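These are the structures, in structure tokens.
Paired with chain B in one complex and with chain C in the other, chain A is shared by the two complexes that follow.
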Partner chain A sequence: MTRFVESTITFPYRRSLGPMLSAFMTALTERRILGIRCGEAVLVPPMEWDPATGAALPLDLVEVGPAGTVQSWTWVPAPTEQHPVQRPFAFAFVLLDGATTPLLHAVDAGSAAAMADGMRVAPRWRGERVGRITDIACFVPGEQPELDGDDTGPAAQPVEIMDYNARITYRNPVPPSADRAVELSRQQRLVGMRCPQCERTYVGGRGYCPIDSIELGEEHEIDLAHTGTITNFVIITPVQYPGQTETEPFARVFVLIDDSDVVLAYQPTIELPVADVRVGRRVAAVWASPGEEIDAGGGMGVSLGALIGWMPTGEPDIADPDLVNRIF
Partner chain B sequence: MIPCAVVGVGQTHHKSRRRDVSVGGLVREAVFRALDDAEMTMADIDAVVIGKAPDLFEGVMKPELYLSDALGAVGKPMFRVHTAGSVGGTTAIVAASHVQAGKHRRVLAVAYQKQSEGNAQFALGSGKGASLGAGGAFAPFIRAYIHRSGAPEHIGWKVAVKDRLNALKNPYAHLKIEDISIDKVKASPMMWDPIRFLESCPSSDGACAVVVTDEEGGRTAAAAGRQPAWILATSSRSEPPSFPGRDPVRPAACLQCADDVYRQAGITDPRRQLDMAELYVPFSWHEAIWLEAHRIAEPGEGWRMIDRGETELGGAFPINCSGGVLSSNPIGASGLLRFAEAANQVRGAAGEHQVDGCRTALAMAYGANSQYFSMWVVADRLHPFD
Partner chain C sequence: MGTSRDIAVIGWAQTPMVRHTELTETQLLMQVITDALTPIGLTRADVDFTCLGSCDYITGQAFSFVSNLDAIGAWPPKRDSHVEMDGAWALYEAWLRLHEGDIDIAVVTGSGRSSTGDPSLIYPMEMDPFFLAPLGADPVTFAALQARAVIAAGIADERSMAEVAVRSRGTGDVDTLLGGDYVRQPLRRHDLPPITDGAAAMVLATGERARQLVARPAYITGFDHRTECHNPSFRALDDSPSTRIAAAAAGLGDAPIEVAELQAAFTHEELLLRHVLGLGQEVIVNASGGALRENPIMATGLIRIGRAADHVFGGGRRALAHATSGPCLQQNLICIVEDGEGQR
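Showing the complex of A and B:
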């Protein structure tokens, strides 16, 4: 059974709308829907360019709707939290009066039986509008627009930026080789796999040699030492961004494992002040306590599992300045 | 292989934040400048190639779908390219390949990034905390270069000043630091030891576009008095991100890629046969690193060229006369900007930062963990070395 690891990424993006979409979004806060003239056509939602030729369109906006006609629709019997309506509803192409292209939006008609091509619908506006397409909560059967909640009025300023909180959850399979590396790390074993052809050793459950394109398995495993020497390093001044976990400068070191050709790149340090990080420094592996949460694999790179960083051994430095060339 | 040429180049004015335009609006600024330069319209284009860095930068998935009609690509072949930071260069190479193969006659290559919509550190850290950023990933490579070459620390400062002085001559450049000086660079904060703030590239919104056409198209432009940039060679190479013994200061993929474009172009002595180069230098020390990894300088000698002022505009071998990535960095477009600037140099169209008598130029872009490389060599004629 393949094990999966779930991870979620969130980020608050800031979209600049440009002059045309800005006008469209601003109008939505005024409970007006704008289209743009493109020759004989009126495009809704408006576009900055002629979709057929790419030619620039002058900012010739025209109000359409508010009511329109359903051209086509599909029923959504079991909405998720990501859907615009939280009970069964239809996604529909709504040709707003005065437009020549349909707007894709939700229709809250109660049941699929109430839906039909050619039916008339009107917008249900949100009381609180911010200049997004969801300012129209959905469309409802009939000619009369509705208002959902207390009307907070139009935007005080033109809407030029749209904040968008992206959230994505990935479910990544953990390859058997990475799974095993994590399991071995729980036993506080640092295991490499040696390529039978080039004799390079790879750690962290990389189940192949990228040089020889050979699959590596348990028969290629070798136990590695838990001590090594810092060959190179970087001190990072953290830049603040949403999701940043660091506030103070921190180090990442490159550790050449004793009696091997393995360099573990960009490793965290433990009980080693940033100012004391230097090439040649002797370090030893630090393992997570049993039960402590560890990197369980499934990321893009290798996983060292319960190996959580490196701390000084107190031994004298290795005096070989050329160590600095061992980055990988 | 069908000879091909660049006959149109366009770019945006690069800035920290282009809050006045949508992504589509930004890209179209570069596209229309390139089409105007080529005296073409969208209708003249047979195929479109678009490149940008990871979608996590702007949080727009598959932007090539959203941009197909913005680029006039309806009913035409359209291709998305992605090779991390080298993508702009690879985009130009893919466009050239379509012409060289005889599949299309006029291909538009477009690349962009709108960094202000997201955060590069966030995106490069795969959306997690403790992101190293590009500077954090590359600082160890630079430490190794400094160690093995014995270069003095002022070399990095010197490149940082040179590229910003060049940017003052480029109307499209993002950073315009009028009072740039060695002292100013030296006094700027240490970001990722040994890289200081002013030795680092900015974060930019911007786009670039070029029109690539076949031999007939190139000759037609030339006959009309519009000098084409003939594409003598293109190449791209990649290597795995890490393996024991990998040398990111002198990556095998970079050396192989350079050797390949030189062989195709008939170059045996790049220092003598090339007149300038636009190299992807996001951190000042990479100029020295790449001079050596492109065999323009012997190992350990790259920093001496810089120290002697040879890589300045007006020097014996100018590098990054546009101001380079150190002055403008819309990441996805940064590679294409190198390729476009090299083309403009051999077209005599580089304005105030033109290298006098430039006839041949190299452009290079690299990406990810110094593992993707893209290059082309352009010239003012098809057979400059005959």
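Showing the complex of A and C:
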């Protein structure tokens, strides 16, 4: 039975808005909605170009609404966490007064029976507005805008940046061959799989040869040495993006395993200061102690399980000018 | 555009289509590429160019297309490309590449594991980041708004939509289906596509090689794709001008077609596309069940072309395949395949 691993990825985007979107978003904080002139038309949401021709539009903004007319709608009986209203609501095309194109937004009408084409709606503004389309919490039936919560007023500065945190949860299968490689690592074994056709060896429980595109199984396993030579490396100065746990510069090295053609990429180092990392340096595998928590695989990249890094052996360096080219 | 060089589909394969596969996307591709090549007597070494269509957003792994390269046997190094689109667009790129004249065999794929995430939460993030993504504007909502427009224009009604569902899936009863609850009015569960994991691979060859390898190549005689504004606010949702333009450019009007495979994930989309393409009752539409039966995102469009090619392999003369991408049929591709009798 294949094991699945669930992971949640967050993408923190910071988007530049540019002059037109900046004006639109800033106006939202002032509880005003802007459209843009496009010939005789007034486009809402505003666009930087004519949607029919692609021609750039002059920045000729015009206030619309705040009330408008529902052109079309559909009822959302079971909202998701991403939806702006957390009880059943309608998504609707709202043609704001003065606009010639409809804005998609939520209408909080209580029930589908209360919705109709041609009905009049007005925005329910958030009290705290930051310059996002969701500063309009939703639209409500009637002509009168509403305010949801205490009014914190318009933005002090023009809104030029928009943060958007996309967040997705995935369930990915972990091939049984990858699980087996991790299990063998708990026995302090570094096991490769040798392809019977091309005789290349792969580690990390890949389960197939990418050159010949054939499956590899336990019958192709071979034990590899626990020593090797650094062929190449990179010193990383960590950027403090969300999720980064490193604070000081650290090394990732490529290790050519003795008596094999296997190069392990992007390996951590142990008891090896950044300044002492060099091509040709001899290293030995370091294993997690029994019971220590290890990367069980299934995340990004290949997991070598209980093989947690490489430390210097103290042997003399290997002087081979071709070593540096061995990154695969 | 018409073609100046004979290029044909000579074979294709698809994986089993399942709700939830235990295979990785790379494993799906390894299997399906072998299945496409073997019956023709080709190996990966014979392939001059590959183009893979897939989507990291759906797979949930950054650079997933790089590990997918393991499935093509890319050593010695191969000419390769990738589109973050349905495999139908990978086919378009391979078709263009073969026109350069220096190579003869190409393989294209489309692959996706939709079950990896929750499509209703993933797709809103692909929308306009300023006006739509922050609202969680989801594909079923947009489909419902388009269905309303199509119904208002008299092109469909809820009954004809249910009939499409029954015919596509080969199960169910229209009156029973019409008694179901709305997911998004006017769409009920039966109007929506299933979630499917799967992949497809297709082999293309240029004229002489194609004729050496198979008895009846399916020649691509017309191929075009067009797109519309990304935001449905600015589109006439009861029409699909990009489909109409692509079909005219691909030569739909030049001769009758016998079969059409349309990438219609929602029932009303089939009715709208039939209307826009002017398909009469004599044209057999989506005999395969189409995207309403199996909808492996990123492969669904390529499979339409495979099904059209099957018609030619089996003795047919001329078939049309359609693929689409984006909310409310934003971007549309038309591929016409023929048996070649009309050309020589």
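Rule of thumb we're sticking to: the second predicted complex is superposed on the first by the 297 of 328 C-alpha atoms of A that agree within 3 Å, B and C clash if a C-alpha of one lies under 4 Å from a C-alpha of the other, contacts with A are read in each partner's own complex, and residues count from 1 in each chain.
To be clear about the criterion, a contact is a pair of C-beta atoms (placed from the backbone, for glycine too) under 8 Å apart; a residue touches a chain by one contact, two chains touch by 3 or more.
If you're wondering where the values come from, they're calculated on a predicted model, not measured in any experiment.
When the shared chain is aligned, chain C comes close enough to touch A:F91, but chain B does not.
In the superposed pair of complexes, A:P51 makes contact with chain B and with chain C alike. With both structures placed on the common chain, the touch criterion links A:R15 to chain B and to chain C.
After overlaying the two complexes on the shared chain, residue contacts for A:A166 are found with chain B and with chain C alike. In the superposed model, A:S289 lies in contact with neither chain B nor chain C.
Judged by the touch definition given at the top, the superposed model places A:P210 against both chain B and chain C.
Judged by the touch definition given at the top, the superposed model places A:Q157 against neither chain B nor chain C.
Where the contact sets of chain A with chain B and with chain C meet, they give residues 9, 13, 15, 17, 21, 47, 51-52, 164, 166, 210-211, 300. Against chain C, in their complex, chain A makes its touches with residues 1-2, 7, 9, 13, 15, 17, 21, 25, 43-45, 47, 51-52, 72-77, 80-84, 91, 93, 101-106, 112, 132-134, 162, 164, 166, 168-173, 175, 207-208, 210-213, 215, 300. Listing the residues of chain B that touch chain A in their complex gives 17-22, 24-25, 28, 32, 42-43, 56, 58-59, 69-74, 114, 116-119, 121-122, 126-133, 136-137, 139-141, 143-144, 147-148, 189-193, 240, 242-249.
Those residues of chain C lying in contact with chain A across their complex are 21-24, 26-27, 30, 33-34, 44, 57, 59-62, 69-75, 115-118, 120-122, 124-125, 129-138, 141, 144-145, 148-149, 181-187, 229, 231-234.
Within the complex formed with chain B, the chain A residues making contact are 9-11, 13-21, 47-49, 51-56, 160-161, 164, 166, 200-202, 209-211, 232-239, 241-246, 250, 252, 254, 261-263, 265-266, 299-300, 321-322, 324-325, 327-328.
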